[in-house]
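The structures considered in this document are given below.
In the two complexes below, subunit A is the common chain; its partner is subunit B in one and subunit C in the other.
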Partner chain A sequence: MKREWPDLHPLTWLLWLMAVMSAISTTRNPFYQLLLVLGIMVAGEAAGRSRSWFSPAWLGMVLGISVLLSGLFYRYGNTVLIRIPENIPLIGGAITAEALVYGATNGLILCGVLVAFALFNRKVSYAVLLRWIPRAFYPLTLILSIALTYVPVTIRQFEQIKEAQMVRGHEVRRLRDWLPLFLPLLISGLERAIALSEAMMARGFVKTLPYSRHNTLFFGGFLILLAGWVVGLFPDMGLASGLLAAAGFAMMGLVIWKIGRNSQRSVYRKLAFSWLDIIAAVSLAPFFLPLILRENFPVEMSYSPYPQLQLPPFNPVVLVILMGLIFPALCGARDD
Partner chain B sequence: MGKYFRANHLLTIITTGMGIALFLYPFLFPELVRRFGASLHQNDFAYSVTGLLIVCLAVMLYQIQAEKLDTRMVALLGVLIAINSALRFLETAFPGPAGFTPVFFLIIMVGYIFGGQIGFLMGALTMAVSAVITGGVGPWLPGQMLTAGWVGMSAPLARFFVHMFHGEGKRIEVILLCIGGAFWGLFYGLVINLWFWPLIAGPVEQSWQAGTDAGTTLRHYLTYYVFTSLIWDLAAGAGNTLMIAAFGIPTLRALRRFSQRFSFQKTQPEGIWTGSVGGRGHET
Partner chain C sequence: MIEFNEVTFTYPGQKQPTLDHISFSIPEGAFTLVTGRSGAGKSTLLRCVNGLVPHFSGGRIGGQIFINGLDPVQAGPQVMSDTVGFVFQDIESQFVVGRVEDEIAFSLENAGIPMIEMKHRIDTVVEQLKIGSLRERKVETLSGGEAQIVAIACAMALSPSILVLDEPTSQLDPEAAERLVQILLRLNRENKVTILLAEHRLERIFPYATHMIYVDGCPGRVTSGTPGEVMAQAPLCPPVVSLARRLHWQPLPLTVEDAKRFAHLVTTPQKTVSNEPVKTLEAFLEIEHLKVNHGRKEILKDISLKINRGEIVVLMGANGTGKTTLLRTIMGIKQPEAGRIILNGRSVEKMTVAQRARQMAYLPQDPNAMLFADRVQDELMITMRNHQMPFEWEAAAALLSQLGLSEKIDAYPRDLSTGERQRTALGAVTITHPGGLLLDEPTRGMDYAAKQALGDLLKRWREDNISILLVTHDVEFAAQCADRVMVLGEGTLQRMGEARYVLSKEPGLTTQVAQLFPDRGWIIPEDVLYK
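Right, the complex of A and B next:
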């Protein structure tokens, strides 16, 4: 069924990713982590089927390996499940329930990060990712654009070279036999680079980043930022460290903004926010509360299985908050 | 202009040194806590390290683009990165062992011929492009970009030894690059593992433990590396060596020929009028 709603703005998807990462980093409760992974999986299914999506079997394998490794190698915990003879090197000793739960939590965190970024990569095109690079870095953005445009051309050319060599009777048996395929690909690529640079020069592309006081300000900002970080390593220097880091960051940001103003960028397809983006942003807001409120957050987020395994706490409020993760995927256009 | 270049080199050293120190945080953090009573929590520290790695990468990229990138280099890098990223698609077709990737071959070659800064861009941007086209953008990407950039940036170091043995265009040149390729095959994995090692669970003698001294942490890390990654990275090193040995000489020859075509400079003979028609031109 075709959905008539507009797709969400890429910035909403970025907010979604930040919400997931915030949730992953604020709790080690396996119930909440499991719900989070399930929430992302449901969001992925709601966003449409894609070949690059993770299958539950694959995630189960990641989880299983994490549990197995933790169980076999971690020797902490009071609840002994099995004892492997001590004379077996590396894995000899007690396998504890605490170690298995610890491994499961780690596996769930890894699965959460992988599926969250996979969904983000699916929903936000590379053209948008390139647009997010500050305009001050436009030569680098141009290199990335050229590279991304030429990848399919290069693969097509490789196939053509391969076919041409096969017609001549060339067979690939060992590594050295790849040379007649690789070298024409490289040389034709370099010829294409010369033609491209001449075309760019003919259209007036020039290097416009001369040495100026902006660069001194930018590098000065970097050094002040570093100084702020180093000061932060000492006790009771939080304020001074924060001020220095903010000043350095502001200097760098100012230069990037100022240089960026000089470079023009053509936008062929404007992305607009819709009312769905606002609803999605509101639904994601509670995810940032544990980071902001820290110890004052009303729901207990911390959990450790050690030294004695206990049932992790579960608050139904978390389930309600997690529903906010699925909403953006339900709103946006499907991939299939 | 001379001052600018000196300042730039100093900044490259500071940024690279900072990047290395950030990767080494699992060893340095416990020492900082012990000696200075560092007030940061471990999690905050990990986040700030990731943030600073991104800043270091941004500074390196900014500095190189301001100094090195002209139209020819933009076009050259764009096309070479496309070839290298395409090699990632085709890597299953190459008859290499598990862990082998053809990506580093071109990064090393380009760094060696065109210089460390172009090599850095080649490494860092190859990782960015291949992450975008394979859907691999993630928190691991800045670390990968920085490390792959170092692979390209360190490639011209081989020139020193090549000059020492008067080996330009000879077999010794390829042998030295093979050694570099083998080193980076191993070292890339060793550096990249450091990014996530403190965050993963494992045997006690292979895990990062808060409060242990740098020597013990190093021992734990090396044990972890030998058990989990060494064979993989040995295959990567062997793959790099084989590729450089098989394709090195013709690739170097091709890149050298094109580097001359890419590095031509405009010169103006004396007495040529450079002004526009009707403008206030001047004679040189």
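Right, the complex of A and C next:
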């Protein structure tokens, strides 16, 4: 069922992603990492089931591989679980509980990153994000947009080509056997690019190039910025360096703004912030504390299983703070 | 008003003009059908209307074109986009931003239309085409029919007075094609939009067309006028027109409805000459209780069928009912959940795709996915090399001759027309001389002559005891060559029987001749004409 309140602004989702990344990079405590992954999974389930989502089995596999690799290749730690004969190359030696916990922590971090990006990708379309690029860079934005639109089409086409070549008896045995798969893909891609540019032309798309005066001014701004950096290399020239750099930045920004103003294009989707965005932003604020506190951060956030395995510390307050990450996903419309 | 005056156009690097001194005029509000042989220049002519030719294509153009008083050669496609909306043949390639509503907005954003006006225009187009439910959908999730309608919505966003469409129904099943034609008719009648539409299946458009242009490829000329005037001379025509011509019915009827007033003239019960029943009952392909899923969705529920040696069986059904899935499962590209497939007396369970392909060739829908060699003959050689079989030039030359490609052996396959590319791909999969053949929509984009040639070829192969399972939406083509017809729906075979029976009784699948002479078992003109 669709909720009555508005969905969150894409920038709020961007903030959410940054908060998750900040949280993931702050702690190596496996309890907290596990809570993070579970929290994002819950948030993903709350966001709807219309699109594919990481299954627990898939995440379990990532975790398992990480534990296995760490167990087989890290030889540190006091708690020896099993010994593989030394004469077996690469993996011979002691498998320690510490190495397994270390691998599990790495696996949880990887799972956290994967599910966070998957949820972000589900909630915010790239097209919406691209709208935030200044209008002066519209052709670049469009190229990015088209390139991203082509990804699923190209994947589908590759599958079709693979099947078409399979029924001709084609099998991939050597490097050169990839040629019958990539050559039609390349040719079809070029043909599609031509068809698309023709369609865009028929729909009134005009490639607008900035005036050469703008190019000169932008380059001038860049030179001033560069001069600011060079001046900064000399002692006691900090103020002059800062002023020059600021002037260069301002000049470049002004040119970008001016080019955008000259663009005749209009924008259909103008997104606005709502009260929900403010609440979400507040709930995410604690996750940026590590950036401010730096080395003064609570010691319990860090954890290392070496040299002797111990139970990681756990603070219930952290659990409450982590709930803030689930809040944005509970807001807004479900996608099913 | 569309006016062409002595227009000549030659593509860069070509000596012969594609359009040679063509002149015609189409009044405002007309519903115009453009037809002609594949590769005759229909798409070129359509692209002249909005200036894509010569602005995008390059090349030399002469003569004068006026579109509502504008000269597209002078104005260019960007300016013409206000006046002419264009829907291309390959729908997938013309979407830019990915979401339906944003796609419709794209042209408006380019034109700098203010947001409030843009919203109003989008609402109007969405309402006109009744696509409110698609607004928030991603274009990649749309069905073929939905994508076509969205492409029309994109073209109509700038409220052009002319809408040009290049073979918009070629990839649609009959039901979706009819829905699309009805939408175009509504735009034409209620919104006074001039429609210019290229199409091979004339029977779909004749009931509604007020004007017609026939593009004759050889000299690059056109014939224009009312459909009746043009069809009196055009060499390519649908079955009912072909029958009417041969029986000298005047004035020439173009539709089944028109022809019904002549039907009583054919009174003598005539012997049926449609495909004779299959002579042998020795099975080449047997499928027993086949179940195929796509993820958790059941695509094929319980399919059992048998195809005998020397038999052509046509598989029909709406888009998305699992016809292609069935062919892919037979080939081993898709794995079944349950059931058994027996090919040439042996279970295929342990056979690889290549082993199956040696016995049962498979031609997928898109021949472009297959073709990558520099020359037509090389495509055949590559297949033989893949199968580690010796390549014999004489055998390849004989096959290419059968396929009507003797003149094209050294041509670059992707430069060929749709029909020729399809036949090249057919050559590439049948060079191993398999005992059976699976064809998926082989007539897409083919004109009547190319379809006739393909039908004749399949019948010749049937004489050589080759078994053929063919998927198509084209009932007239099915009638031309099928021994039996099967109809797939909701994951099961809903109808199965002799072609003559199914194609004269099954609603939505009856041929023009069967509609004209119901209850007589006639499905092709030859059934009526045989004496």
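Observations on the structure shown:
The working rule: the second predicted complex is superposed on the first by the 208 of 336 C-alpha atoms of A that agree within 3 Å, B and C clash if a C-alpha of one lies under 4 Å from a C-alpha of the other, contacts with A are read in each partner's own complex, and residues count from 1 in each chain.
To be clear about the criterion, contacts are C-beta pairs under 8 Å (C-beta built on N, C-alpha and C of every residue); 3 or more make two chains touch, one makes a residue touch a chain.
Treat the numbers as computed from the prediction; the structure is a model and nothing was measured.
When both complexes are overlaid on chain A, the residue A:147 reaches subunit B alone and has no touch with subunit C. With both structures placed on the common chain, the touch criterion links A:18 to neither subunit B nor subunit C. In the superposition on chain A, A:139 makes contact with subunit B only, while subunit C stays out of contact range. When the two structures are aligned on the shared chain, A:266 is found in touch with subunit C, with no touch to subunit B.
Of the two partner chains placed by superposition, A:254 touches none, neither subunit B nor subunit C.
Once the two complexes are laid over each other on the shared chain, residue contacts for A:160 go to subunit C alone; subunit B is not touched. Contacts of A:240 after superposition on the shared chain: neither subunit B nor subunit C is touched.
Look at A:187: by the touch rule set out above, it reaches both subunit B and subunit C.
Which of subunit B and subunit C touches more residues of subunit A is settled by the count: it is B. Of the two partner chains placed by superposition, A:279 touches none, neither subunit B nor subunit C.
Residue overlap on subunit A between the subunit B contacts of one complex and the subunit C contacts of the other covers 142, 145-146, 148-149, 153, 183, 187, 192, 196-197, 200-201, 205-206.
Only residues 21, 25, 52, 66, 69-70, 73-75, 90, 102-103, 106, 113-114, 117-118, 120-122, 126, 129, 136-137, 139-140, 142-151, 153-155, 158, 174-176, 178-179, 182-183, 185-187, 189-190, 192-194, 196-197, 200-201, 205-207, 209, 211, 215, 218-219, 222-223, 225-226, 229, 232-238, 252 of subunit A touch subunit B when the two sit together in their complex. Those residues of subunit B lying in contact with subunit A across their complex are 1, 4, 7, 11, 14-15, 18, 32, 36-40, 43, 48, 52, 55, 59, 61-63, 65-66, 69-72, 74-83, 85-86, 89-90, 94-96, 121, 125, 128-129, 132-133, 135-139, 200-204, 206, 242-243, 246-247, 250-251, 254-255, 258, 261-262. Against subunit C, the residues of subunit A that register as touching in their complex are 125, 127, 142, 145-146, 148-149, 152-153, 157, 160-161, 163-171, 180, 183-184, 187-188, 191-192, 195-206, 264-270. Of all residues in subunit C, only 50, 52, 55-56, 77-78, 81-82, 84, 86, 88, 90, 92-99, 101-102, 105-115, 118-119, 122, 140, 154-155, 158, 328, 331, 333, 353-354, 357-358, 361-362, 364, 366, 368-372, 382-383, 386-387, 414, 428-429, 432 touch subunit A in the complex they form.
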